[in-house]
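Pasting in a structure now, in structure tokens, and then I'll have a few things to ask.
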Amino acid sequence: MLKKNVETFLECDKNYEEAEVILFGAPFDSTTSFRPGTRFGSSAVRHESFGLESYSPYQDCDLIDSLVMDSGDLELCFGNTRAVLGEIRQRTQEILQDQKLPFMIGGEHLVTLGAFEAVQEKYPEICIIHFDAHADLREDYLGEKLSHACVLRRCWDLIGDGRIHQFGIRSGEQEEFYWAKKHTCMHRFDFEGLEKTLDSLKGKPVYFTVDLDVMDPSVFPGTGTPEPGGVSFDELRRAATLVCEKARVVGCDVNELSPHYDASGASTAAAGKIIREMLLALTKKA
Amino acid sequence: MLKKNVETFLECDKNYEEAEVILFGAPFDSTTSFRPGTRFGSSAVRHESFGLESYSPYQDCDLIDSLVMDSGDLELCFGNTRAVLGEIRQRTQEILQDQKLPFMIGGEHLVTLGAFEAVQEKYPEICIIHFDAHADLREDYLGEKLSHACVLRRCWDLIGDGRIHQFGIRSGEQEEFYWAKKHTCMHRFDFEGLEKTLDSLKGKPVYFTVDLDVMDPSVFPGTGTPEPGGVSFDELRRAATLVCEKARVVGCDVNELSPHYDASGASTAAAGKIIREMLLALTKKA
Amino acid sequence: MLKKNVETFLECDKNYEEAEVILFGAPFDSTTSFRPGTRFGSSAVRHESFGLESYSPYQDCDLIDSLVMDSGDLELCFGNTRAVLGEIRQRTQEILQDQKLPFMIGGEHLVTLGAFEAVQEKYPEICIIHFDAHADLREDYLGEKLSHACVLRRCWDLIGDGRIHQFGIRSGEQEEFYWAKKHTCMHRFDFEGLEKTLDSLKGKPVYFTVDLDVMDPSVFPGTGTPEPGGVSFDELRRAATLVCEKARVVGCDVNELSPHYDASGASTAAAGKIIREMLLALTKKA
Amino acid sequence: MLKKNVETFLECDKNYEEAEVILFGAPFDSTTSFRPGTRFGSSAVRHESFGLESYSPYQDCDLIDSLVMDSGDLELCFGNTRAVLGEIRQRTQEILQDQKLPFMIGGEHLVTLGAFEAVQEKYPEICIIHFDAHADLREDYLGEKLSHACVLRRCWDLIGDGRIHQFGIRSGEQEEFYWAKKHTCMHRFDFEGLEKTLDSLKGKPVYFTVDLDVMDPSVFPGTGTPEPGGVSFDELRRAATLVCEKARVVGCDVNELSPHYDASGASTAAAGKIIREMLLALTKKA
Amino acid sequence: MLKKNVETFLECDKNYEEAEVILFGAPFDSTTSFRPGTRFGSSAVRHESFGLESYSPYQDCDLIDSLVMDSGDLELCFGNTRAVLGEIRQRTQEILQDQKLPFMIGGEHLVTLGAFEAVQEKYPEICIIHFDAHADLREDYLGEKLSHACVLRRCWDLIGDGRIHQFGIRSGEQEEFYWAKKHTCMHRFDFEGLEKTLDSLKGKPVYFTVDLDVMDPSVFPGTGTPEPGGVSFDELRRAATLVCEKARVVGCDVNELSPHYDASGASTAAAGKIIREMLLALTKKA
Amino acid sequence: MLKKNVETFLECDKNYEEAEVILFGAPFDSTTSFRPGTRFGSSAVRHESFGLESYSPYQDCDLIDSLVMDSGDLELCFGNTRAVLGEIRQRTQEILQDQKLPFMIGGEHLVTLGAFEAVQEKYPEICIIHFDAHADLREDYLGEKLSHACVLRRCWDLIGDGRIHQFGIRSGEQEEFYWAKKHTCMHRFDFEGLEKTLDSLKGKPVYFTVDLDVMDPSVFPGTGTPEPGGVSFDELRRAATLVCEKARVVGCDVNELSPHYDASGASTAAAGKIIREMLLALTKKA
């Protein structure tokens, strides 16, 4: 008897009950101000993972052995930001209640807010590790507070000074950089200081959010706002693995892949491999 | 002394005071549910008009001689639908107050609502002529009432039964087609009945909204939701010219060009020529 | 409790037991001699069906009400033609044994052979209705008999003269056209004679194979070997619907979509709508 | 012993001595004012002809049996228009002196001037049949007389009134259309009147120049200046075949394919099939 | 009252009178021998600058505070090289006469010659700093002396030995490299020796010309002749900033962006950021 | 008298008799499991070499002076793996018998097997130097032993343990990495250890096979299975040059360029330059 067509990221086909990590996609990009398309990110990563291996020669382990379930994409309503963040929050809460780790794939960076609200609710002492090209610290964007350009500022609204650790930042308004000096721990251009930060966060719950455009557009052109001057794939891979190994990650996301801007598929492959390495590092620990 | 860089659609470079028709772009696509990109439509039409002639051999007249001004694109906030419709409405009101004809270039089809609200305010007896592949008559889309898929339904909320004349419709939910039987005048697949409709509307104020995807994707692939089985360029050109010549058009728009889906530029050229023919037909009359 | 990610073509999500028609993909293109890529056809049709409606205004019915199940794609081994045809045959046999209608989505046209072998086994008196730009009647291609260019010839090996009815053919070697005069019923360029053919086949079991490149490249550029001069979307839609309504179709396939050659998505949409119309016509009858 | 790599259009591999028709490419586009790329036209037609058949079911004959030689592309110096036209003229003269028919593949339309100068030198009474979307009758373009937009005007400089027969014209400046009324025989939009023109030219030497953008961009998007509203592939095929059969063609060219604007390859296929049909019609006669 | 549509690069919207630096585009590529398209470079940089910030975290300053005016693109006649260089020269002269700094955006590299002629006229003792992948030192190209491949040789014709300082060169004919040993100061592959060169030029007027293809195609694929093995974005950013800070730059240009070869937009973004950093470094000094 | 159109890679136009190295293309990709397209690799390298120089500033020598002949592409039958490998073997044998060096351009990596069989026949003591992202050491792929994913394993079948030296490997199944520990000399991620390997192979015949995807997708996106984390162009250039200079190379190939996945042409240029450098290093030695 034939079965319906199930599609998952790599070997993330465990059942919900046994899974420790739950993947879900948040295909939303309504507030993207420049070039849209990240709504296609999560499904591209899933479909194109056919071209990747589940085994990592970097960590010498295989996703087949990890307890990860891919629950597919949320069905989100474009144009209604509030409702979308609510649905993301609800999905995250459900996963957290079942004592599993939520791993969201965007979508634009604003989706982080929905997941973070749920995580912060459970872990009020939460800190954030943020990899990105852009500061995302604006108070508003053309008057709108719920914008991709403001997402870390909105997270700061919830947790306040000194708990957001930013790495790789190389673009923003002058004001964002000045504001960051007082309110966040911003590391510009690369991952210098990451190990020290991880030491300082030892044992504390961490939300880890990766905007893939922290990578240089040469290796990751498939994104809405390319910012030349970023880190290499290997730099991101090592840094992301380190966070997943060393920090007590209780929620995380990877976002801003806009696959149609890179017809070669290299950006989607880069996103998929970063997610694979993160999943392996997270589940080795678990 | 050198001047700043001014860019207009074709020869639409008249001053505001003298102009009879005011072009403006509404680069918004936040509610697009399938593939975004119509935000780039208005600027593509403007920039690519360099490849077109201002003279029409169909109507034997030239845009150089028409009193049209291109006022550029509105700066709209992606992700805040209400605010966007408000800004479009305000721009339209300003043009109407100055006794000029507003001609909007989208953007997704929802932008029509903002312009139509302003037009309907001034002309409460307004009727709509609507060219489209899609019925756009849903009560809501995933719970959201302000969606591209609902835009004509929202217009109906304002003016009620029998005043929306739809042509070319070939896609929608079963419910939309059934609802249309009672509430709108829907002509499926092509422009049959257009002349009779125009006769019946003689002298009445008309808002004319053209969703370019009424054309077949063969001639207009540059759109978010291609629907094979549409009309040809010449069919649309003739029908749109007829409306602009025969009806008392007091406001109009052309929308749903998503230029990046057609790298050949043919879709943008088709949009530009339709706009040129409409402008010529509108200003010949004036 | 979250569920795994199930993806189906439109609303073809019925269970196997209740389903009357079983969709399956055959992603194979190893023998394609010019430009490969049809291996991506079936999954593109499935994923992009999100942009289509399940309701047909042409037939005024909805796929929600049809008993169709999408069983996903076969996992086929590129480079091993024999094994691939064997797996397709086996899948088709299984469906036929359960008294259901197999509906295959290619892939290159050679996949038809695997399905046809199973159908012909069950219905030895089977006839073929074949829509295509190319004759596909070569004895061999560079010495190879199992090639896309030979697929109808291989079918003829099984059933002999006068039982293959070809429509729309506009390309081939001189020899193929001469050979066809004696051995098949070839209708060149369009669908003239289709109704008469259907009358003559009344009650007889028919295998219906549609090479989508029968459409003109203007409406269907997403194929490996574009042949200008083909039929329009509406011509194919009407003809394919007619076959599904009038003939006793016991197996069918739609193939040769190569989605990457048409970044606009129009070709994939055209393929999806043809499949939708065929499914509706097949299940109305049932 | 291995041989060097020879590449020809379809089966146009006869030796120079035996050949009746000599193909050559003129890869030049320096004066193109909008979007360049026709320099790649001739080589694309050659390389992509692998996907076409040499047999025509329309005319029931095969290029294998035609005495045609493909002599490859001229090496032309971009940026030096005068020198380029001189080299084209020289190549054409050489072919004419050897009593063969020159068949040039552009390149932009200006290349016609070089070939036409040589043909007109040999046949002072020459007439022109011109298929195009654009009138190409400007006196100058931004002050430059040797521009693609002026090419038929430059030919007129050589032969004067009443000898240029234009078909399919749908774009140009107002002045060009008015000028044409006095000086050329312009048939707008389609091929109406072609048979009558051919009757009137019976026995007279004809130069036949085909700007492929006479076709609608739906079937031929691969061109620099798409002009929606053109003829279909079959209309052009029939008209071009008719000219080659009925007129005494002593030189001809096909130009303005810009292959990179149509990644599907359909435009290049359309160009190749038009050339194939023309070659077959020309050599049947010979 | 509505205004006409003004478009500028980032915040370069100062008035001509107050501006210290005048941007202008030179959209010309007629002599490009391989793949054209740089004609679209200047307008792409302008339009896509919407995705960039005007603030630089590298130099901690903002273009809002710089006195720069974008005067738009020259209207140049494709196919007439002499006339084009004349118009560029004239525009540059006008800017220089008004005691402002001309900053040209190409276009192909030959446009440098027009600007350089004007600068050398005013500053006969001028030296050149040249960043490029290609030597551009040919005496002629297919007989033509006014070619992109000869542009630095033409500059040398004006100023002679020892005043052209080339960096990053990794491609050319053997003869160019040998000729350079005697006549220019060529630094191959990277920017080694730049600081020493800048020391030696202290106080002397410098024309600074940047061919963006000095960057590796991984970070800058949007160019006509990709040459793997180039410098990174950060290497170019640092070197270009250094020149603008340390040298007495009296004229400069950035060229060879061909945006259509990089659909991701990363190349255009890289060009825009290099121009932003150069403008900031030039105006900080001023 | 005009000649037929001959096309060669750069200046590789020597006659067969005088040539020391014979280039030939093997356009085959039937077993490619993910994304096909390498069949276009060899012809793209040939056609796009027009944009490259024949002179290398790295080695200060010119291909004009090398005795290399480009014999074009084999005509291979897609879908018949056995026959294809036989034809490649035969071509290689012919070249070897004439005491020349065979240099094959793929195609997918499986083509190596055909050439290697011929080389191993002549040099039973042959060793292999293998640059690749993927281990290619599977025993079978979906049951098929003749697959691109198994090619080095098939070579090992012929020559056994310790004679395959792999560099740059960063992807594969766990089993392949474990198997390699016993049977091949695998160097992961980069070229560390290459010099030592070359020392150990001094004087021994070597087959050198380069899968271009050993490069990072940032510099080489034009390949079917992009694997972020690879080597740079300069690293590959230096390593490949070193092998050709130091080892006794008796046969070699370069494969896996899939040009259509990189519309910028940078990947094709990278492939062409690597081949140029290898040819120069091989013929300098000779």
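Residue numbering begins at 1 within each chain, and the chains themselves are lettered A, B, C, D, E and F in the order written.
Definition applied: contacts are C-beta pairs under 8 Å (C-beta built on N, C-alpha and C of every residue); 3 or more make two chains touch, one makes a residue touch a chain.
Computed from a predicted model, the values in this text were never measured in an experiment.
To reach chain F from chain B by way of touching chains, what is the minimum number of steps?
The distance in steps between these two chains is 2.
Over half of interface residue numbers shared between chain A and chain F means same, under half means different, so which is it?
different
Give me the rotation angle that lays the C-alpha atoms of chain C onto its copy chain F, rounded to the nearest 5 degrees.
With C-alpha atoms aligned, the rotation comes to 180 degrees.
How many Å are there between the centre of chain D and the centre of chain E, using C-alpha atoms for each centre?
Measuring from centre to centre gives 39 Å for this pair.
Send over the residues of chain C in touch with two or more other chains.
216, 218-219, 262-263
Chain pairs in touch?
Applying the touch criterion to every chain pair yields A-B, A-C, A-E, A-F, B-C, B-D, B-E, C-D, C-F, D-E, D-F, E-F.
Name, in rising order, each residue of chain B that touches chain D in their complex.
Residues of chain B touching chain D: 50-53, 55, 57, 60, 62, 216, 218-219, 233-234, 237, 262-266, 269-270, 273.
Going by the contact rule at the top, pick out the chain D residues touching chain B in the complex.
These residues of chain D touch chain B: 34-35, 169-174, 177, 188-189, 216-219, 221-222, 224-229, 261-263.
Show which residues of chain B lie in contact with chain E when the two form their complex.
So the residues of chain B in touch with chain E come to 1-8, 13, 16-17, 22, 24, 43, 46-47, 69-73, 94-95, 263.
Enumerate the contact residues on chain A facing chain B in the complex.
Interface residues on chain A, with respect to chain B: 29-33, 36-37, 39, 75-81, 83, 110, 141-144, 146-147.
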